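Below: one structure in structure tokens.
The letters A, B and C name the chains in turn, as written, and every chain counts its residues from 1.
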Amino acid sequence: MTRVRNPQLNKNGELIHLLSLERLPSEIVTHILDTATNFVSVNDREVKKVPLLRGKSVFNLFFENSTRTRTTFDIAAKRLSADVFTLDIGRSSTSKGETLLDTVDNLSAMAADLFVVRHSQSGAPYLIAQHVAPHVHVVNAGDGWHSHPTQGLLDMYTIRHYKKDFSNLVVAIVGDVLHSRVARSDIHALKVLGCPEVRVVGPRTLAPAGFESMGTRVFDNLQEGIKGADVVIMLRLQNERMSGALLPSREEYFKTFGLTPEKLRWAKPDAIVMHPGPINRGVEIDSAVADGPQAVILSQVSFGIAVRMAVMAIVAGNSA
Amino acid sequence: MTRVRNPQLNKNGELIHLLSLERLPSEIVTHILDTATNFVSVNDREVKKVPLLRGKSVFNLFFENSTRTRTTFDIAAKRLSADVFTLDIGRSSTSKGETLLDTVDNLSAMAADLFVVRHSQSGAPYLIAQHVAPHVHVVNAGDGWHSHPTQGLLDMYTIRHYKKDFSNLVVAIVGDVLHSRVARSDIHALKVLGCPEVRVVGPRTLAPAGFESMGTRVFDNLQEGIKGADVVIMLRLQNERMSGALLPSREEYFKTFGLTPEKLRWAKPDAIVMHPGPINRGVEIDSAVADGPQAVILSQVSFGIAVRMAVMAIVAGNSA
Amino acid sequence: MTRVRNPQLNKNGELIHLLSLERLPSEIVTHILDTATNFVSVNDREVKKVPLLRGKSVFNLFFENSTRTRTTFDIAAKRLSADVFTLDIGRSSTSKGETLLDTVDNLSAMAADLFVVRHSQSGAPYLIAQHVAPHVHVVNAGDGWHSHPTQGLLDMYTIRHYKKDFSNLVVAIVGDVLHSRVARSDIHALKVLGCPEVRVVGPRTLAPAGFESMGTRVFDNLQEGIKGADVVIMLRLQNERMSGALLPSREEYFKTFGLTPEKLRWAKPDAIVMHPGPINRGVEIDSAVADGPQAVILSQVSFGIAVRMAVMAIVAGNSA
């Protein structure tokens, strides 16, 4: 782990894996977003298919179940004309005691080109990327609380689409920031793209002061936190958190941090409201906001397919 | 819900969704069957594939599990060259509290073209069809006890194939008519196509008098019910019904309503025997009948692929 | 069952099903291996796809779960451009009481071209092959303890690749030979290809004298068994066997039969080490051997895709 070079880049500085937005050069982030623009138009066409990954084998390795995220990668890969193989890891050989890297070695020997990896443990995609042969690529689809880079990228795409430029933006991320890989990925990407003010907003128990060291301002009051914001990113409240002592009841949470049309007026009049989905109506977000004119939540979903197509097309085109 | 127009048709009267055979004009039913004829020949070819849905994204939304029906739609869509995505809904976001329509909105934002919907609640496909964007199509793959229109259509295709014309036919539907969406769909389709005599036959508890209002004759005696019939449609006896008080034992049921070669002689000598599958040998049908010369059960399966190809190709070609 | 003709061959002696390596003529085995050579190069190409099975429908019928084997067939079929349908049989109609042959009949009626069958009962693929229509092909992906012919073929491919010729080889198969379909398939194939000495090595309880009637030499001492061997095939120790009284502890097993670098020196210096996977590190094989220069375990995996492509391409090109 003493290597200095970013394991996501080859020696020419080209993207070969997407593991985290941390330490990713802004030119690469911008290149991904620019490439995604082309794929947005592909998804609007009658024939939503380009031959860029034709004859390539993409493996979805979901060690942690997420039908929603897996489907987005499945769609993106098939629209690039790849052959897609989804492994239900819980039922495969890993349950027979095969190690993670043995599984990866076996699939690589079957001539895999790209692994999409979701794992409950932070760093698993890094471990795989360091292990695979030079022609194999790894895309992180979420690892533990650490990172969810394609979500971060699609959020950046969405912000750029609606706000054009990051250089004067105030972006507020609201909710359970502590447990959110989305929040971490967004913060890294916003910093890389030059966003001057990123705020995290939530109960003190869920947005601890440590986030200040990431260059964000921390608020435990929603009004102060979203005041004057151009972009409000609402995070999903995980039901499983509610059982612990970290949070009051759902009703109490909604009263304090749930975004209603009234509270949204604290942000700028043209502020956009984002959410990684799936939304909890009446918990972190009111239906009047989720279905209202400032919400861009479904645009995020659309752009997400294009961004994932861009990431896969770019890494598959470079070699280690 | 006060709209008068049939939600399955656009303003030009073209089919944009297939939700139910009820209220479907006979020209449309006939057009589907005529189109299916072409696809029957595709399925006989070396290369069983046509490019009609190339680059389209078909989503199988099976809120109720049915491997068999899902496979038939999967085959049909792939032979039309579509990309097919199957969502195991029980494990997806709906289990995280996402609503049905939020799930559909998200998939639509991913540029879905066609939803194949199976749901345990009657009306769910209607709800989705009324909600989706104009370019998105919905095909009902079975909703509650209400409707199973592609099964109805493939039954009509089969009858037309063997009997040419509906205008002089006697069709008997035998079994648990009360709980059967197949029976309801068949009855609607037979009426639309001008079949003069549709009979439902079964224990009084399972074929109540209410069916008479649908224009059928109700029998609780098998001999009377299939006497002189051109077509005998045997329904599957759901095992789960047996636990209730509605029915005697399986043996008793077979004795009274199970179709044996002897009982089949009550129908016309050239009567065909149909069944939606999977068959319960020795419960509603004797093996000697199921495997005998009058059974057309496997032809129904073959025609079913062609009919589903026809439905998907037709709706995907029209816009709201 | 009184037919004399090999059910795997048509009247011209061409392969129409792959059910077992037993009684398969050596020319056919050699033809499969030669054909696989071409597909090895396909798997090295940028576009890993050939149109040989385009428009064909391949069904994976896995009555016994095996994600690993199913994935290899899935990959092989898609690289031949087939449409692949995987049936999770446990959840399908067979659980509704449909018989095996009714399931097969139904899928055949949907215009299936090839069934890949995995079943816990020996002979199930034979039963299916005898039942299907002349244009439908069956490939056995493992039936009970009986046979796993594509594993046997990929093992032969691997041996031929590294050793060129079978006529002077000593091959030792080590482990739980009694319960291993891999061992049975390898023994048959080695005999067909003219290998003069096949040894089985393991605890007396797991490699009974009955194997001598198959033309092998039986050893219960590892040193004697692998002495002078050109090829050492280590079998996976099934964890579930450990609970019975057949075996001592895992530690004891490793001490006696686990292959370490020290013990491997008993074999020829250029001996290759094979394993069907997934490996149990530290049970039947030491990591230093599994990851060492003599192991060809990952080559087996690569060749396995090519061999399965060859088998499917060959049977699909012949008719009954």
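Following the convention adopted for this analysis, contacts are C-beta pairs under 8 Å (C-beta built on N, C-alpha and C of every residue); 3 or more make two chains touch, one makes a residue touch a chain.
Given the structure is predicted, the values throughout are model-derived calculations rather than measurements.
A complete topology is adopted by the chain contact network, contact being made between every pair of chains. Counting every residue number used by either copy at the subunit A-subunit C contact, under half are found in both chains.
Look at where the CA atoms of subunit A average out and do the same for subunit C: the two points lie 41 Å apart.
Residues of subunit B found to touch two or more other chains are absent.
Partner subunit B is touched in their complex by these residues of subunit A: 43-49, 65, 67-68, 71-72, 74-75, 78-79, 239, 277-281, 298-299, 301-302, 304-305. Interface residues of subunit B, counted against subunit A in their complex, comprise 54-57, 83, 85, 87-88, 91-93, 96-99, 102-103, 105-111.
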